[in-house]
Amino acid sequence: MNAVTAAKVVPAQPVAAPEPEREVLLKVDNVSLSFGGVKAITNISFDIRKGEIRAIIGPNGAGKTSMLNVINGFYHPQQGTITWRGEVRRKMRPYEAASQGIARTFQNVALFKGMTTLDNIMSGRTLKMHRNFFWQVLHYGPARDEEIAHRRKVEDIIDFLEIQAIRKTPVGKLPYGLQKRVELGRALAMEPELLLLDEPMAGMNLEEKEDMSRFIIDVNQEFGTTIALIEHDMGVVMDLSDRVVVLDYGKKIADGAPAEVQASQEVIDAYLGVSH
Amino acid sequence: MFYREAGQFKTTYEADQALFPIRQDRIAMGLILAVAFVAIPLLANDFFLTSIMIPFLVFSLAAIGLNILTGFAGQLSLGSGAFMGVGAYAAYKLTSIFPDANVIVLVLISGVFSAGIGAIFGLPSLRIKGLYLAVTTLAAQFFLEWCFIRIPWLYNYNASGAIEIPRREVFGVIVTGAEALPLTRYFIVLSIVVVIAFLVANVIRGRIGRSWMMIRDMDIAAELMGVRPLQTKLLAFGVSSYICGVAGAMMVFFWLNAAEPSSYSITLSFQILFMVILGGLGSIAGSFLGAAFIWILPVFLRFLPGLFGVEVAAESIQHVTFMIVGALIIFFLIVEPHGLARLWQIGKQKLRVWPFPY
Amino acid sequence: MARLANVAGGDVDTFPKILLRNARDLGERTAMREKDYGIWQSWTWAGVLEETRAFSLGLRQLGLTAGDKVAIVGANRPHLYWSMVAAQALGAIPVPVYADSVAEEMSYVLSHAEVRFAIVEDQEQVDKLLSMEDLTSLKHIVYDEPRGLRDYDHTHLSHFPAVQDMGRAVLAKDAGAAAAWENGFAAQKGSDIAVMLYTSGTTGRPKGVMLSFDNLVISARNGNEFDRLDETEEVLAYLPMAWIGDHVFSLAQAYTAGYCVNCPESLETVDLDRLEIAPTYFFAPPRVFESMLTRILVRMEDASRLKKKMFDFFMDVARRSGEKILNGENVPFTDRLLYSLGEIMVYGPLKNRIGFTRLKVGYTAGEAIGPEIFRFYRSLGLNLKQLYGQTEASVYITLQPDGEIYGDTVGKPAPQVELKIADNGEVLYRSPGVFVAYYKNEEATRATKTEDGWVLTGDAGFIADNGHLKIIDRAKDVGKLNDGALFAPKYIENKLKFFPNIKEAVAFGNGQDFATVFINIDLTSVGSWAERNNVNYASYQELAANPDVYAMIQDHVDQVNRDLAGEPMMAGSQIRRFLILHKELDADDGELTRTQKVRRSFIADRYAPLIEALYDGSTSRHVRTEVTFEDGRTGIIEGTVEIRDLTPHAPRHQLQEAAE
Amino acid sequence: MLYDIFIDPFVQMGAQPDFLIQVLWEGFVSGILYALIALGFVLIFKASGVFNFAQGIMVVFAGLTLVGLHEQGVPAFLALILTIGVMGVLAYGIERVVMRPLVNQPDIILLMATIGLTYFLIGFGEFVFGGEPKRMITEELWLPTGSTAIEFGERGLVLLQHIDIAAAVIAVLMVSGLALFFNKTRIGRALRAVADDHQAALSVGISLNQIWAIVWFAAGIVALATGIMWGARSDVSFALEIVAFKALPVLILGGFTSVPGAIIGGLIIGFGEKLGEIYWGPLVGGGIESWLAYIIALIFLLFRPQGLFGERIIERV
């Protein structure tokens, strides 16, 4: 054993021991949502703590995506409240959620197809850019300085996600796995406090899934971003997440550490036993 | 093939994000400007300036205006003709009220009025999308046209109901009215078009341009990225209408000398829309190409029979032009829905990767 | 003529001193660029001096002293290049190692070199080093890329800029620190050890070649003079830093000539980066040129018919007269006209697309290049030349002078190089570049370097009438068939390898009745063929076993046989049987060296059953092969390999032999 | 002012109820005609999702063909049959040349294509038949002319044009015919199926291409009927094109896919426009007919973006 070898620190394993309670970032209280009589979400409560990776799992149609849509203001629940950083949120538009630090990716990649990778990620900086129309028209001076400063930030993300080779490729031409990565990059460009990932690994092969898992962990550790993700692959969920909430038919049936959830009979019945 | 990009590397973001990052493109642009500012004035006769170049430039500008709204921000509009009319009438009223003011400045200011009216008619765009929005803009088209007819104040209570542009001088040079020289008009129109096109190119590659394209490509995602849909769309309506307004004012001040409400009818709206579609949605260069195509093709068709010594009635030629334009639109939509600009892009890409196919 | 050609004269004899001189004389010229964050970040010579000095002083703060070995592990990055000179300035010896070598291999090299410091690229390398339990000499690691390393204990671990900050703090505190630093290496001599490079070695453990400053500086100066290189050159540093070629081209020659070295953004973007930079001086092993040509031809396959026709037509013109024009020979006026038209239509744009528009000199070495490939580039008007070199010679042994290019020779002795051929045909040389010794390996040093300074190359060859050296093969590889016919495996392999469809070939026959080969198909080229012909395949293995592919390869092999039949010396070693391997030869499995050379004996052992099958007349053989993935996991590839027979051609007299 | 807007018009209505009824009748008739144009739109939109901007010009084109043929000496009813044939050829041509190559393109592209088609038909029509307005061959087709005056109250008089009555009757017949066609025939059912699910339509055994040709033909016949009716009231000319734009607000009201919606929307616009023009128009100088329909539709849209009969849109992410 040499001097340097002794220096290595094994990164903390998730779940190992109950850590001191972290600050609650977002709290969902008794939220219900329905569309013309069809109940999508019934009376769901859970919280997301600062700095954790929180998984939301459940069979198809369990209301997971609807839950994300409620969190970032795309749907307005008929009942219940959402508390964000200690404040109860009233009806909120999606762009307001964005400006308060909630970013997300989509189940079916929702990139801006007409733009390049670079422009797509730049679009994530929209909220951070403030030069008004008149500077934009001139482009030289402050607007260009701003554009360049943000380009630099975007390049950090490109570097982080290792997508240098596709920087100037229109996203429509990229393979699916890379599109997902660009979408993650776009969300990261918002420097969000809470990052919602809707099935970040859907339709990926094993290698791509491993890459994506690594990126998610890196985002969480390097930037301290709180992450809530929906995922079908149980292996991935168990590896990645600190805590898991399980939905079924719009109701919450379990909530806790991955190991606990995995052991819960109700979850096994409702979800794990069912093949997808 | 003519592109020699090897060795053109960028050491700053300024250079990387320049309007024309490739040297050969910069040279080509320089050549085009040289032709426009030097060669054409030296070589062209009055007919060429008055009947081809000036209208082409005016329509190009209008097409750029509509392209911002439809091509970049993705909001279909059938009312650009009326917004051009607003600019024309506003400029006319301004020069009537302030006869001593610089008429070029007034033309540029007139766009502000159409921008305001455009923004008002853009309000419904928050709730209404796609084809439904076309109805809103049709409402604007017919309502404004009606205003041009029914509000005599707008045309200074002329018996004819038309506006006639008085003679105005700027720095001792006659710039409007019947005595204004075609060359003078040409330089004014060209300068305004070049400057506005350049400014638009700036906006497009910045935050605002991106916001427009975000709304166009996926409005829901755009909103979740923090784009405020209403502001962004209204800005697009405003900027688009401003440019259309200026184009409309230039149309009557520097080209036609006189205009009546029917000059700004739905036919004009369609004509501009065709230019945008044929030229290419979401492309500034395409706006010029589309305008050239739609304006110059009929002129060409008018002369074509003469070249073969065939006498054809002017009316028939107009009808045939309609048919050809209609057929070409369908043809283009089938062959290349993204218009001439995309063809140009493809061609350029081919030249860049030559001799490779990709 | 280069302003700085005499840079190695006088007392400017070490890289730290040359750096000072460059910073003074070429201060504002760009010394280095790296594509990073989307643009080419640039440093002037003055900037490089400042960065290097800061890092050097920081290293001293960390305890680096004269005589210490410093491992350099990672891809081509400015920080790593600076690290080498920064270490040299303190009298320490940099030891660049192959970043992609597996942990065990690297562990051996680092332990053998007794490195005390390691400057590495990223977390992957840090983890690799930390996992080396028996690497007891290592005291401190400096990393360039902080990602993922945030939570590591930093007692013996530092971030590159943090080390520079330590150095800058010293400079800020003590006004005389810079001068003191310069004085520190003023006394260094040209005969001091500059660097230790481990040869990947086709056999046995890697050996640490110790090169002095004189070795490198004089060789570099000679190289610069030979090709008239000066401070205006642009090169792309993309080959492994541990390889002598990169060390000489991207460091020694760059410092002595004062030219600019450009580091690509990542491995995937090398092609694009080369296009952007358009190097004026370029070096690549034959396989780079090969794969580039393959990609050119594959892409042209997809071109429209008319364009393809035009391409073929002008390539014909180029084949006919391109090289002659380049060599300044007489060419009919019509061909000259056609060639200039071709320059506009094909050659110019093609050179542009592969980033060679500004190329002044290009070199290929390391292995024989297929004559067709070589001619292709030359016929485009590119001054591509071959050289013959070794780590032990600080690269240069022979070089092809401009205008004296022969596809089958490797050129004339480089300046100040003496050459002789031993009785057994082995090539020996003596030059200022000859290495000092192998580190801690007296025996090997003695076996390679004679008392009076001659070095045995291990290659068999002869000096042709025109004074050019011609290499046949590795001295120990040239063998005989049972009927006494000469068997030169590499000669046969190279002939096979210039078919775009064949990526790799391994020939057997020494002590056998006839010659046989293993073949690796080229996945890019054959894959594109498969796509065009709607042949579905899931893996290399499946494509390799396809009967149509076999038929195609059989044609190629037959063509080679026909060629061999035309050469009196080789006609006896025509290929009688061949097979297409079920997996690609891979450096991770030890089948290729890190420089991608075939390790013949290893392959012979590993695939003994297949060789047996080649000689026992069977038509197929089932095999299981263990493979190692990049991350160290292993797996099994299993399958049945088909063997095909060929009929040899009757030997014919080569009528055009005089033309060669 | 407020009195002029909110009270006075109703006072006028009450004061002259016969005039009000006359206005309502006018509104009803133009509403019917709007509805007929809208019906053509709906047919095509339902079956192919194409917003057929050219429906208006097809009306004119059909009318011109009929009159034009008659002018060339073709007997009226033969001309009618020939015109139907022409519309069939046109439908087939459009399907082959425009629809088939553009299948699966975005809506806006298809819309643009129909605008292109509009231009082509205008040019073609004018080239063949000349640009000047033509008189509809009403009598020759045995359509009623003249009018009936109905006594109303003590001194009131409502004038009903026979041709208008015929128009209403024909419209009713046509809608019932289409309803029957949709519900009772195999092709009709396929057409309905295609609106919901292209695969389902294929399983009925009719190709999509055939279906498109059929709906365009059906829309062409509707256009011919509309053209005859409209031509009988005014003249046949390309000025009709502007009127055809009015189908847009009608569709906005009724929804793009609903046949009853088209009828009701047409009537609302027809009534609204005439009432507005007569009773409120004078306040702003008249002529508001040219834009009132759009404003009505616009206001309506702001409150109910999915139209009268459309389903509520739930946006999904």
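To keep things simple, chains are lettered A, B, C and D as they appear, and every chain counts its residues starting from 1.
One rule holds in what follows: a contact is a pair of C-beta atoms (placed from the backbone, for glycine too) under 8 Å apart; a residue touches a chain by one contact, two chains touch by 3 or more.
Everything quoted here is computed from the prediction, not taken from an experiment.
Among the inter-chain contacts, the highest number of C-beta pairs connects B-D. Each chain's centre was taken as the mean of its CA atoms, and the one lying most distant from chain A is D. Centroids of chain A and chain B (each the mean of its C-alpha atoms) stand 42 Å apart. The centroid of the Cα atoms in chain B and the matching centroid in chain D are 33 Å apart.
Chain centres here are Cα means. That of chain C falls 77 Å from that of chain D. Inter-chain centre distance (chain A to chain D, centres taken as mean C-alpha positions): 51 Å. Annotation for chain D: residues 315, 317 touch two or more other chains. In chain B, the residues touching two or more other chains are 13, 220, 224.
Shared interface positions of chain A, i.e. residues touching 2 or more other chains, are given as 74, 106, 110, 151-152.
On the chain A side of its complex with chain B, the touching residues are 72, 74, 93-95, 97-99, 103-104, 106, 110-115, 119, 122-127, 129, 131, 133, 136-139, 143-144, 146-148, 151-152, 186, 190. On the side of chain B, the complex with chain A involves touching residues 13-14, 17, 199, 202-203, 205-211, 213-214, 216-218, 220-229, 235, 282. Taken together, the chain C residues at the contact with chain A in this complex read 36-38, 129-133, 135-141, 147-148, 150-157, 265-266, 268-269, 272.
Residue ranges of chain B in contact with chain C, taken from their complex: 1, 3-13, 15-16, 353-358. By the touch rule above, chain B contacts chain D in their complex via residues 76, 124, 127-128, 130-132, 134-136, 138-139, 142-143, 145-146, 149-150, 220, 224, 266, 270, 273-274, 277, 315-316, 318-330, 333-334, 337.
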